Each structure stands twice: as structure tokens, then as C-alpha cells.
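First chain A sits with chain B, and in the next complex the same chain sits with chain C.
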Partner chain A sequence: MASADKILKALSDSLGKRIIQTRTLQPGKSYIQVQTGAHKDAVRIVLQEDNEAGVSAITGVDLGETIELMYHIRTCDTIITIGAEVPKKDAKIESITDIFPGANFHEREVSDLFGVTFEGHPNPKRLILPEDWPENVFPLRKEVSVANIPSKIGNFGVSKDEKHVSSEERLVNIVLGPQHPALIEPEKFSLRVDGEIVREVEPRIGYVHRGIEKAAESRTYLQDIYLVERICGICNACHAACFCQTVEAIMGVSVPPRARYLRTIILELNRIHSHMLLLGHAGLEIGYETLFHYMWRDRELIMDIMEALTGNRVIASFITIGGVRRDLKEEDVPKIKAELTKLKERLSFYKNLFESDSTLKIRTRNVGVLSKQDALKLGVVGPVARGSGVNMDVRRDEPYAAYNEIPFNVITYDEGDSWARLMVRLDEVGESVNIIQYALDHLPTGPYRVRVPRTVPTGEAIGRVEAPRGELFYYVKSNGTAYPERVKVRTPTFANILSFVHIAEGGNVADVPASFVSLDPCFSCTDR
Partner chain B sequence: MKWARLKSPWVLHFNSGACNACDIEVVALLTPRYDVERFGILLEPSPRHADILLTTGVVTRQCADRLKRIYEQMPEPKFVIAIGACACSGGVFEGNYNVIGGVDKVIPVDVYIPGCPPKPEAIIDGVVKLLKSIEGGEQSGKR
Partner chain C sequence: MSLDLNFVFRVLVFPGFAFILLFTMFCDWVERKIEARMQNRMGPIYTGPVGVLQPLADFIKLLTKEDIVPFNAKNFVFRFAPIVSFSIFVFSFAFLPIDGASVVSGSNFEGDLILVLTLVSIANFLLFLSGWSSTNPYSAIGATRVLTQLLGYDIPLFILALAPAFLAGSLNIAAIANKQYVPFAFLIPWTFALFIINLQAELEKDPFDVPHAETEIVAGYETEYTGRRLAFLKLAKDVQMVLGAAIAVELFLGGPYGPIFYGLSAVWYTLWFVLKLLIVVVVTEYLTCIFARLRIDQVLVVNWKLLLPLALLSLAVTVGVGLWLNPL
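Let's look at the complex of A and B:
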């Protein structure tokens, strides 16, 4: 653990003249632009200074003649950004996967969307765009217009990726997905199996890729709130909160206290419904259907509160730039409190069940173990990291909304198995109930939003929110108009998906669904 | 035959590019509060056993072939219900580079259920309307 100042000093001491410029994106968040080639040393120094640091995201920005690559590195209390530029005509940069394996998918994504070649990458295959995507069209480059990309309608056929890949002797290919009962969403995982043991996993994402980052550039900030909410229907309020916070940081708007508390309430409701959904789904995957039905029945209590508060069960459309869109009605408060009390009673039942039930024990304990070292190396976030004993939570590390005023505990388990990851979530539901109760008791009076102008001044900012699945990361760059220049979203599931490869390899085929679901995958988040 | 079909419409759920909001409402249908098993509706893992395809989400370029193939694998007569604004028409994602549009650009659709996401009650209403039209002699999807 090292403070940001110490890391910045270490960077300037070692890199010296290779640093082109240092500036502050927003209070506490530094940007260090280095010469191309020095980026790897810079990343290495930050990782050495803070042994729990990890690369949170890699953002590409089209600057016209060059493409700017930003390596956002998460340290104990902030984000340090290392920037390097590569020429568009010869977009090549050295890969950092050898010093930080968790950067693997981040680099492949930038390579798909911007056409940057990462030299030395172990598996530079297409990750997110379709197989039949035209060559040398990189959708996030500014010169590519959506209208000019050839349409595909009427051109159906079996694409080459789904033909059976010839397998080595003894190894059998099992293809999971895109339509598979264990996955509610479409995504493909090729497992190479030796008897009952999984030897190799090859994920192929991009089935739900809708091109939201590009679409956000052609819509106004206000429209973008509704767009980013639909990146993921489950944690929609987190996306809206993170986007609005980032834009507010560029604008320099401060949100009224009542709005900060109301945001906290909706974010925690989001967390409870997401965690309960997952715990129920985990029950389904391990063949414990009663647990699934029980969990989803109790989850309806939260859906009722969401409907009372926002007018909709799932997509909240509650948070907006400058505050929230609706106030909480005074007469709803006792109802919400009564439902939360009911839920709390049920939680002690579930806690007992998860600790003592033999089915859960056999299917989840010591299954899909992810050690603390591996968790740090792969850059996992959220309950997956906390289940492996990594003590991180954006709500505490870098408080937003009203989290700096509300007491809560960060739950960690050291076992690192599927059971620990589920337990983290179960305990977090209890914490979230406490947070909402505290927020309702201490709800400030006053306005619930401030009016903000439609155009946003030139600038850039980074926003982070602890979504149910972990750290959600937004980078927004503004060019002074009502339309953003670039919106980068790194969802927690994108950071976690690589760990599935790690925990599935060497495990049993029958454990694949159970260990997979314990990571709480959400492909609409992963693909955007 | 028709009687059996009406009393046990087995459904398959496929997400061709949804944000999960409609998907969790589809799953909520199966759970105790809404419990569509009352109508004999059972979620099936394989297209070859399904009578009704519940699709959610916009169709992405990558999913278009798969959606079509799943539809082709279903035995006749087959019916398609498009759940949510995206599946009906493309919704907020209309015009994005990796998006083809609503489900009816790829396969025929019998029932459209708008909403973002539609409430489970609305989905039940759509399913019941489809069952009524099957009872009235509807053979298969409009082509």
C-alpha cells in the first residue's frame, strides 16, 4: 500500500525525461503522459510500489492523427492514469500482459475497436466483434461512420467459428453456448476436456456487443443516461450513477445532500436485488431448485420497493445529472422499512442454510478456488476479489453518493472458493439492508436535484462506483458540446471473466456451471 | 393435439442481445409470485422441445445466425414472442454498428410485448393472448 504521491514521485524519479507531461484530471486523479515505449516501465513501477494495485482499464481515444492509450491503474485509494500515444497509421505498442496478466482482455478489446496491435500479446484473437466483421474497420475510430458499415441482413449462414475444431487425441471439445441452459445469456465457451477434467477454456464474448460506447458519442448527455442504463438491466442504477458522477465531475456540479442519500438507497436496492438474483441462480445451477424459488420469492420484496420508489421494477431511470428524478414520498418510508425488516428475518434463515446445508457444501466448498495472489494478478474486482481475501470496495476506498456518512462493513472471506464468493454476497445483502435503513432514518431535507446546463465544458474525468459485481469504471471526455467526445465503460464482469478460465482449468466438468455462476457473470455488461 | 398444445406450451428463452432487464423478468415469471407453470408453461433447455420461443433484446450481428438456427430447430407449429422494446423494434440500440434491429428482421414474430422491460403481468398477458389465438385456429408464425 502506497499513497498516490509516493507512487508519482517514484514514477518521476525513474522515468525522468521520458515523462512528457503530468496533469490532474480531477482532484486526486493524476494523468502521466509518457513516451511510447515507456508505458510498460511506468505500469511496472506503479505495480511495484503498490502490491495490491491492478490495471483497471485501458481506454483508447482517437485524437485524429494518433490514438491515445490510457492505462488506468487502481491503487489503494485512487486511479493513476498512464498515457501513451501511437500513430494511427502504424498503431503498435508493447503488450503489458507479461507483467500484468489481467490486462489480456483489455488489450484485445482495444485491438478490436481501435486497431492497435499489442506486440507480444499471447493470444491476439478477435474478442468482441463478430467473426464476419469487415477487416480493417475499427468502429471506435472517429472516421468510421455507423452508416458506412455494410449491413448483414440476408447473409445468414454457419460461421466458421462454430465448426468443430479438430481436437488433439484424447481431448474432447465441449462447446458451451451461445444458447445453453446454464447461461441465460448468449456467450460461448469452448472447453477442452480430458475425461472429466477441463484442460483448457477458450471464452468468446461479443454476442451481446451492441456498440454502446460509439452510440454514446452520437447522443446527448441526457440521452446517454438512458443508454448506459441499458448496458445492464440488472445493475442499471450503478451505470447511471457512475455516468452522472463522471459528468458532474467535469461540470463541477455538486449534488444536494438529499439526492446523495436517495442515490445511495437506489444503489443498495440494486445491489440487494442483484445479489439475491445471483444466489437464487446459483441454487439452480447446483441442482437446488428450492433455493432458487425461495430467493426469487423474497427478492420480490425489493422489486416492490423499487417500483414504489422509481415507478419501474427493473430499469430505474432514477438518477440524473445533478441529482435524482423523483423524490421519495414520506408515506412510503414505513412501508419500505417494514419490507426490509421482513427481508432481514429471511436472511438469517439463508445464512444458516448456506453454512450448514450439505448440498451447498458438496457443490461449492473447495470448488473453483481462486487464491489471493491470482486474484490480484488477474485484476478481479468486487465479490470475486473479496471472496479471495482482497480487501477492496470503492464505497469505502473512494466514497461517492452518501457512503462517507453511512457506516457499513466491507465483507471479505479468505477461502477463495465458490462458497466464499456466495457468502460475501449474502452478507453484503445484510449490510445493504442496514445502509438503506440508516439512510432512511437520516434522510436530509431539501432539494433532490439541481438543474444543470445541457452542454458540458471541455474536460475529462474518471468515475468509479462499486456495482454489485465490483468496481465499475467510467471515463468521459467532453469537447464542450452537448455530445460527449468519448465514453469508456469498463464493467466489473469484463475484469472478472478472465478468472473463469483460471478457475475452470483443472477442475471437473460438472463443476463448471457452479463455479461459473459464483463469479456472477453478466454478458450484457461484459460486451456492452 | 391442439388441446395438448394449449395446456402445455413449452417455451425456450433466447437472449439475442438484451441488457438482462427483460431476461430477469422472464425468469421472474417462473418463480413463485407469477408462476406461469399454472398455465402449463415450462421453460425448456432445448429448442427441439419447445413450442414457443421467447426472445429478448435487439439482434446483434453475432447473434443473428444463431437466433435463426434456433428457430429452425424448433418443431412445427412454432410461435415467437418478442419481449421488450428492443426485441420489438430495436429500442434504444437502433442504429448502432453491431445491431441488426428487432427480432422480426430475422424471424417471424407472433406477439410483440413492448416495455422496457415489460412487467411480468404484461408478459403473461401476451402469452395468454397467443394461447387464445392458437385456440382460435392460428397455425404458425406470420410469414
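Let's look at the complex of A and C:
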């Protein structure tokens, strides 16, 4: 791994005058603005310097006359941002999908919401907005206000290019979603099936696009905490934590130690809850109902702890700017510890089950294999990447909350199949239990929040959190008022969903749910 | 021909139609309750005492639902496959001695074992037709899976059923059941174990429930069915479950025959039959709960590479041991 300084030096050496300016967004995070057209070279240089680097997100910001595009590249232990501006009238920029295929969806999203054309994109179709959305309305541009977004658009139908059976190819089109028992949330995947073998997969997301990024601009920072929590019900605390720590970075607020530990506890509870939900759901997808019922029963232990800690079972509303909203009661600590011990006993049972059960094994071993190279190329994050042997974890790479003081292991498996992805999660639940136990034992005393002003000084910052599904990315730009100028959210599933196409093609129809569920897709996150 | 009241009673009430229907629903309840308890759930509890009337309530509810026939599926097969399939399964019960006697005198004959097994195959084929005629991609895939699986397990099932027939020296189900002073399940446990595994495939239960793997192909061949047609399709599957278990009871567990302590033999025979059948139901449910669903290609591997050779081997061993113990 190359250090960030080395990459920055390589950038300035080879781009030279094409760099317009270099500045620091927040300590350790550099922003390099390059001339339009040089962005691709810049991205290529970073990818060459660090072979484990990947484009984390592409953010668009409306600057009035121009649209600023930011390529956030995840490298070593930080994020390097490469910026380029395109005129709003003629918004065109060269696509980077040929050097980094994982940027496919990121570019399509920006194209949908900002009207930037990415030249050379292999599949420049709509991704987020409905098919019959008016041609020249780009919701995240500033001239489009919430008031003039059409409330009712035309009749949404099946697009014309969809056929059930084409006789000459003998491929049957099986549509997975938007309503399908294997998908809890609505997204559409068109599978072209030859007998029982999947030949092509075409994903289409956007069915639960709620325009949260736009809505965040018309709410205060305080209101936005509750808004971003509702991006995803399962990992809500991660969204709140990520948003709050990004805003805190702009404000320069430091959070008291007790609050950092309490945040760690709720974030880890969130992870256990999410992983167990997924592992149970995986059982359901491969027809193992008993596993599903057992997992979800034991997950109730965590729900009880969440309720004791935050007062809520699911949406925690616990983390706020400057700390947390409630303190942990001393008398709850032994109860929480007892339940964690109980959970740990159950975990050894599940671990044994996942390692020894024969039917579970033949349904998940060597199914949906994603090699390490493909994982890096597609820019996957979280347990999906770790299941393919990519050693990345924001908790260790760029510690937030109290992770720099708590010892824990990053779990990786090299197999890259569905089983490995499930095992990563199962082992991480054990690690999370250890983290919570350590945090409870070493909980500092003192205040659990600091009061902060409602307005935020001008500035911008990037926040990253290791959500249960992987790296969660926030970019917040402030204009000095109580309302943010831009809130960008890149959820882990949005980064992972492209890999589904890769692992499903060539596989068996019966394996689609098993390999799909091992990615732990969350579509509310994906669409926002 | 005058109307014989005994004949009408035996065909329509006991041990005929009404008994089979009620017993099927009872078995459905037992099945659901066991599965629920094994999975740490409650199962049906509200309808009737401990939820025993839940299957009946579900059936009546489906009967009252709107009956929708898709435009492309307006054909004879789609309309009649469920009811014909149901009838064949119920009809097959006429050859099984439930209370120790045949349902109507003379309904038992030498070779009815082959007839029953054939009828079951035909009824299963009708399930395939019901899915195929739905003209829905999910149904079509579910239907082809039924057929693929049918080819795989039907042959081992026939072969396995021959072992008890050989030991009893008869192809008459009642005679096979009657000959078992010691149930064949104890004499030839390997055949019985294979038969139960095969039964799982026949009944589309885990690990062989691929034809209606809901996370892959919605409800498989049932997808387009609604209302009363779905009610009969579901009932047909339930009757099939009881029939499958009943065949296992007759062939391997000594049928209705068991010790009679006092009173009417018919009561005792029915009781033994019901008890033995419930044991088979419990075993199949247990297997359902501890397995994940296999993939269709893996099912075929299990059927052709494992069950078929093992069935042949077990038949050979049974014949060999039988001849050694009791030379011709």
C-alpha cells in the first residue's frame, strides 16, 4: 500500500499544470481540483499507485454556472478527492468506467440527478429516476425546487424493450422484482434464463427513490439527523453517526469520550442486529426455515439491549451532533452483559452449524464466487469485499468513535463465495460482542454530549463509517446557515449491487437468491 | 341394484371420503404444529382447541375467494387438473385397508400395489400439467421441475416398494400389511429409511421442495391459481402427503394390524393405523426442519446417483437375505 503523500506527489508530478488547486477538506483529506478532462488521468494515477484503491463515490455539486464533480477515491487510510467542473449548459465529461468498472452506477446516478452526460459509458440508461420522468428536470440542480418537481408523472409501465420469450435465442426472461418473494424491498432484476442457467442480468433500481439528498437541503442539520436515519431502518445508527461526525468535522467539535464509547456500543449493536437478520434471511432464501426462526429469535436479545440503551427497538434516534441523546443507566449494564453472554453461547452453535451442515454447505459453497480482483475492480465494500479476501474496514483504517482505543480483529475469508460472505458476518457478530463488552468495561465517565450551535460554519467534509453492509460515505457541504448546501450519501449496497450482475451470470436460477442474499442488499439504502 | 346403506356409508363416511378428508386436515395440523414447535414458534392456536380447526378454516377461506383464471390459461387442463388430481389421490385410498377391511368388498386384488403407485404418478403428472397450462414463466419452471423430479424419484420408489412385496410374497397391499408379524421396518430398516427419503421427494418437502421454491419461482406451478382451484390444489397436496405416509405404513409398519385388547377390531385397527401414520408424519416433518433446500441439479444427482443404485442394492440384499432365511 502506498501512502497518501506518495500518491499526492505522483499526482502533482504527472499532472503538473493541469492541477488547478490543491486544498485540504479536513485533516488528512486532500482535495485536488483538476482541469476538465484531466480527471481521468488523475483517477488512473491513483489507481496505479495503490492497487487496492477504488472509487468510493462520485458527488455532484451545483455551483450555479457549473457543476462540480468530485471523484472520491478510497485509498490506504483516507479518501483522496479529485474535482472537476463542467459547465451546466453543456454538461459533458469523459466516463471512467473503462479504467474502473465499479464507477458504472455512480456515473449513472450523477447523470440522472444532475444531467451530466458521461461520454463513453457502456450503458447510459436511467438508474434512479422513473422511465417517464420529464427529460430536462434534474432534481439535484439548485434551480429545481421541491415545489416545481412534478407530483404526478405519467403512467409507469413496462418499458417496450422487454419481452418474455424470444424464440430465436430460447432465452426466457424471468423478472426478479419489483415485487418478488425473494426481495423484501422493490427493485427489478431482469434475468435472461436459458433453462436453469442465467445468461444475462439487467438491474434497474430507483423504485424506492425518495429524494432524501434533496430533502436534506431544505431541512436544518438537526432535522436531517432524523431524516438520514430513515434512509435505512436496519443500519439507522450508522447513518446518524456518519452524518453527525461529518457535520462535527465541519464545525470542529470534539465529542466527549463517554459519547464516543456509547456511539461505539450502538453502532456495534446495529451491526449484530443487521448481521443476524441477514443470516436468518439467508436461511429462508435457501429453504432453511428453521435457521431463520432460530436466528431471529436470538436477535431479540439485541433488540432488548437496544431498547434498554436508546428507548427504541429499531430506529435508535440516539446519536446527535455533539454526542448522544441519552446516557446508559448503570443498572442496565449487568443485564446487557448477561444477554451478550447468552448470545455468545448461541453464536458457537451457529458457527458449528454453518461449518458442518451439509445441505447448507452445498447451497452456499462455490456459489456466486467473486474473486479478489473482481471485488477490487467493482469497488465492493464491507463483508462482500472481506469475503473475497480484501482486507478493508473503516473502523481500523480510519478510526472513528472509540475504535482507536478498542482492540478487535478484521475478519477476512479468501473463498469469495456465498458461504464466505455469510461466515464473515457470523464471525463479525462475535467480534462485535467483544467490542461491546470491552466498551462497557472501559466506559469513561463524564458528559455524554456537548451543546452545539444550530448554524454550521461554511465548509465541507467527508465522513466514513463501517456500516454492517460496508463503508458508508457522506459528503456534507455547508454554506454558513442552518441548512446544508449539499448532502451526499453513498450507501454500501449501492457500491455492492453491481457485483450481483457479475456473480449471477453463468450461475443457476436456484442460486440467484442464495448469492443475492449473501450481498445483504438493502434497497432503501441504495435508492435513498 | 338396490342402494346398499353399508356401501354408501363405507364409501362416503368411514373409512371413505369424509374420514380421509378430516384426517388429512388433522395431519396438516399436526404437521404445522410440529414444524412450528421445532422452529420455536407457536403454530396454529386460535381456531378450535389448540388450533386444530385451522386447516379447515384455511380451506373454507380459499373456497370463498375470488376465482381468477388468467386470459392465456383459459383451457380445460388448467381448470380441471387440481380437482382431477385431488380425486385420484382420494380414490387411491380405496385400496388401502384402514380399518382392517377393504373399503368395499372386493376392492382389494392382487396387484393393487402397482395400481396405487401408478395412480400417484399420474396425479403428480397432473400437477405438472396444471403448472404447464398456466402460461406463466414461474409456473412453467415449477412444472418442469415437478416433471424432472418425478422422473428421478418414481423409479427408486417402485423398486423400494418391491422389497416388502417380495418378503410378503404378494402384490396386494392388504396382504403385505397382514403378513407383517414383525413390521418390515425392523426387518429391512435400510429399505424403510430409503423409502422415507424418497417420500420426501415425492411430497416435495425439504430438502427436495424445489418445485415450489418460493424465493426463486414464487409458488411454482401454483402461482396462477386462486380461490377454489387453489383450495383443491392445496388439499390435493395434503391428501398426497397422507397417502404417501399411508403407503409407507402399509408396506413397512404393518398397516392397521396390531394388538387388539378388547372390543371392536375395527376401532383398534383404525387407531393403530392413525398412530403409525402420525409417526411417519413426525419423521418427515423432522427431516423437513433439519435440511435446507437442494438445487434441482443437486436433487437429480441425489436421485440418480444415490437413491437409484441404493434402491437396487437394497432390493438385491432383501431378496438375498430373504432367500437365505426362507429358501423357495
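Going forward, the second predicted complex is superposed on the first by the 512 of 528 C-alpha atoms of A that agree within 3 Å, B and C clash if a C-alpha of one lies under 4 Å from a C-alpha of the other, contacts with A are read in each partner's own complex, and residues count from 1 in each chain.
Here is the rule we go by: a contact is a pair of C-beta atoms (placed from the backbone, for glycine too) under 8 Å apart; a residue touches a chain by one contact, two chains touch by 3 or more.
None of the values given here were measured: they were computed from a predicted structure.
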Contacts of A:C76 with chain B and chain C, given as first, second, both or neither: neither
Contacts of A:L347 with chain B and chain C, given as first, second, both or neither: neither
First, second, both or neither for A:R297, with chain B first and chain C second: both
Partner chain(s) touched by A:P513 [first = chain B, second = chain C, both, neither]: second
Touching partner for A:A10 - first (chain B), second (chain C), both, neither: neither
Which of chain B and chain C A:Y288 touches, first, second, both or neither: second
First, second, both or neither for A:L129, with chain B first and chain C second: first
First, second, both or neither for A:I99, with chain B first and chain C second: neither
Chain A residues touched - chain C or chain B, whichever exceeds: B
Chain C-contacting residues of chain A that also contact chain B: 180-181, 292-293, 297
Chain A - residues contacting chain C, complex: 164, 172-174, 180-182, 196, 283-294, 297, 357, 359-360, 362-363, 508-513
Residue ranges of chain C in contact with chain A within the complex: 35, 38-41, 137-138, 140-141, 206-207, 209-210, 213-218, 289-298
Chain B - residues contacting chain A, complex: 13-25, 27-28, 31-33, 45-47, 57-58, 60-66, 68-70, 91-93, 95-100, 105-106, 116-117, 119
Complex contact set, residues of chain A against chain B: 129-133, 139, 144, 146, 149, 151-153, 156-159, 178-181, 184-186, 206-212, 214-215, 226-227, 230-234, 236, 277, 280, 292-293, 296-297, 300, 303, 313-315, 522, 524
